[in-house]
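Listed next: structures, encoded as structure tokens.
In what follows, chain A forms one complex with chain B and a second complex with chain C.
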Partner chain A sequence: MEGTALRRRLIWRLATLVDAIHETRDVRSLVFEVGDWSGHLPGQHVDVRLTAEDGYQAQRSYSIASAPADMSLQLTVESLRDGEVSPYLVDELSPGDQLELRGPVGGYFVWDGRSPSPLLLVAGGSGVVPLMSMLRHRAVSGRRVPARLLYSSHGPDDIIYRDELERMAAADPDLKVLHVLTRRQPPGWTGYARRIDGAMLAEVAWPPESEAEIFVCGPTALVEVVASGLRDLGHAPERIRTERFGPTGR
Partner chain B sequence: MSAGFVSRGFRGRRDPSVPSDRVPPGQYVVSDFPVLSAGPTPRTPLSKWSFTIRGEVERPVSWTWEEFRGLPAETVTADIHCVTKWSKLDTEWRGVSLDTLLDEVETEAEYALAFCDGGYTTNLPLEDLVDGRAWIAFEYDGAPLEPEHGGPARLLVPHVYFWKSAKWVRGLHLMQEDEPGFWESVGYHMYGDPWREQRYAGD
Partner chain C sequence: MDADELRLDGNAAAGLLRELFVHEMTVSVGTCANCRAATKVGALHVYRNAPGLVMRCPVCGAVMLRVVHGGDRYWVETVGLRLLEIPETPPPSSP
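Coming up: the complex of A and B.
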């Protein structure tokens, strides 16, 4: 698309919560009905705006978790300690409640499913959310390119979308989901039990000749390790798309 | 459409220690320093680094790292505002004013496209880069700028959203006509004034 192409102005829309799913202790998926929603691409996010009685407003961005074809818009939100907006979304918002949102936003960290290249996804914590939109999109699309998700969580109870990922992978020989548990592993755990490193990436990633499309989302430290590790393995930097949250680890 | 809308049960967290006249609409103040970039962090050895002004100029001009660091530098304290909603107050940088660098070229250009290691670009009106409002920063908080934050050097233009303060900057391409950079060509605002909340095209 030409950069100068006319774009639809992003206006604030009222969204109504129709369902809420507890994913983990701190994470909830929120399912909204949004009037006149224009659709989105997997990987995009929305801006959410909350308004207090006295007119005070707060805005934050949240990745979209649903596939474009889904009837409703799903956001998955982690409640951050000391957060201003996320605890409200995770603990307070109830079905029937409304909020304002606008979007979709973002045109780089997106996977529209048209590329024939394999899809390599690497997530840390709630960084899995935009990648889940990609996997859900892939699952309902006719052509399924090979896909791998390497997904790092602290412990087994922190895995978001655990059951759905399991079902997806069981039903799809071209999808591999590899869990990493960095802090707590259940007895008999056979998955990875250390932070993601270069050796792990070498095991999981296709060779660079595959020209895999790579999406990495998570805390800054993880994204730095993964993006530079994949580059060191020979993957072209322009095929490594990243989205980070949080500060530098100092 | 939703004028007068109130979020049921939302009170918000207002920090009385934050001067509200320094926080643009829709922003919140952080104390840490979030990192945002679209791809891997590039690492260019200083021996291969240069800063170039080219495009609509009589003669392009280039500085090696040594030459660049030999230019007069100044300490800048500024509030920065990221389009992803966080603002950070009183950040302290050290850098070379773009006035110093642009003094070395003759140009009729009105716009600049900053270009960077890793392929990132961003566009700005040239008038926003002069008169002590823009720098090439090489230190943050008294230490060399870390690669994650754009080191060895990044553009610093604090009066517009921080995506304009391009990390890993290697030069300016001067132009008569405005041309969208990386984020500007995927829906972000061409100018990006945080006080007018120009986040996305059409804002």
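Coming up: the complex of A and C.
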């Protein structure tokens, strides 16, 4: 089914916002109902298009946060300062409002749960979104290969999906969630308190012989450090899949 | 800001490439005309800070594909792309 879905011509569809959840001060999850939606694979994204009254159009890509089995399509969007699209999506779009989207798009940065290899996920900021789709899929599909998420945020209030990740990890001995707080740490913080580096990756990652499937998503600078750090540890480049957001995220 | 910070992955080109090809192109394999390295399109380096979209070989840095969309047409430059192998059915299928 998904195979044909992927090969279908990409068309713009009308999506209706049915719910919105504030994740952090700058981040909101948007739940959409999309007519004739064909389903997606964890890691894929959609293109969103907004059209102003004067006909001006702006288009952006957003990762899908929901699991394929979820009833509706969820995107999680971070409001970027000076952003043209994201502040509108985070602060203004209200239930009942419609926008155009197309997808799902992408087939490379995808984890479908069929691989028996352990799953290593590394995220910076809203880079956690496509990885969350993978973890949600892993949780509901019962394909519980060992999984680790190394997730870097500025401070404790910036952690997206914090409660859900905590619940997931508490209920699942094969899932480990390791938070990195680079700028602000709460009193008594025992987790990592520096930017992700090679030494941290050596502690968190399985050895290369594990042939772990690795997905790295975040700002370009973080992705560069993580990808080269993992290659230095001996992980095969073709197992390290990256999704760079550019300098400021998207 | 240096060019490295503006680097994106082939994923960022997925939507645009789907406007041109009927298949999901990030799982296709492109062979670089310069160094002959074969890389999945999803792993190519993408730069969008140009009039169009530029895809470079992650091994040697040579430009493999340029796409410009303006007005009512596309311009596609493929001189750096020796071969493009497009799987008919993408490897990740229905979970």
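In this text, the second predicted complex is superposed on the first by the 240 of 250 C-alpha atoms of A that agree within 3 Å, B and C clash if a C-alpha of one lies under 4 Å from a C-alpha of the other, contacts with A are read in each partner's own complex, and residues count from 1 in each chain.
Keep this in mind: a contact is a pair of C-beta atoms (placed from the backbone, for glycine too) under 8 Å apart; a residue touches a chain by one contact, two chains touch by 3 or more.
Just so it is clear, the model here is predicted, and its values are computed rather than measured.
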| field | Simultaneous placement of chain C and chain B on chain A, clash or fit | value | clash
| After superposition on the shared chain, which partner residues are touched by A:Arg231: those of chain B (first), chain C (second), both, or neither? | first
| task | In the overlay, answer first, second, both or neither for which of chain B and chain C A:Gln98 touches. | result | first
| query | According to the contact criterion defined above, which of chain B and chain C contacts more residues of chain A? | reply | B
| said: With both complexes overlaid on chain A, does A:Arg13 touch chain B (first), chain C (second), both or neither? | reply: first
| task | Identify the partner contact of A:Tyr88: answer first if only chain B is touched, second if only chain C is, both if each is, neither if none is. | result | first
| query | Does chain B (first) or chain C (second) touch A:Thr190, or do both, or does neither? | reply | neither
| request: Would you sort A:Leu50 into first (chain B), second (chain C), both or neither based on which partner it touches? | output: first
| said: Quick one: is A:Thr242 in contact with chain B, with chain C, with both, or with neither? Answer first, second, both or neither. | reply: both
| request: Considering only the touch criterion stated at the top, classify A:Ala58 as touching first (chain B), second (chain C), both, or neither. | output: first
| said: By the touch definition at the top of the document, which applies to A:Asp112: first (chain B), second (chain C), both, or neither? | reply: second
| said: After superposing on chain A, which of these stretches of chain B ends up overlapping chain C: 63-71, 81-89 or 99-107? | reply: 81-89
| field | Common interface positions of chain A, toward chain B and toward chain C | value | 2-3, 7, 9-10, 47, 61, 105-109, 220, 224, 238, 241-247
| query | What part of chain C is in contact with chain A in the complex they form? | reply | 1, 4-12, 14-15, 18-19, 22-24, 26-27, 40-43, 48, 89-95
| said: Under the stated contact criterion, what part of chain A meets chain C in this complex? | reply: 1-3, 6-7, 9-10, 41, 45, 47, 61, 68, 102-103, 105-114, 137, 141, 143, 220-221, 224, 238, 241-247
| request: Note which residues of chain A are touching chain B in the complex, please. | output: 2-4, 7-14, 47, 49-53, 56-61, 84, 88, 92, 97-100, 105-109, 220, 224, 227-228, 230-231, 237-238, 240-248
| remark: So, in the complex, the side of chain B touching chain A is made of residues 1-2, 5-14, 25-28, 30, 32-42, 84-85, 118-119, 146, 148-149, 179-180, 182-187, 199-203
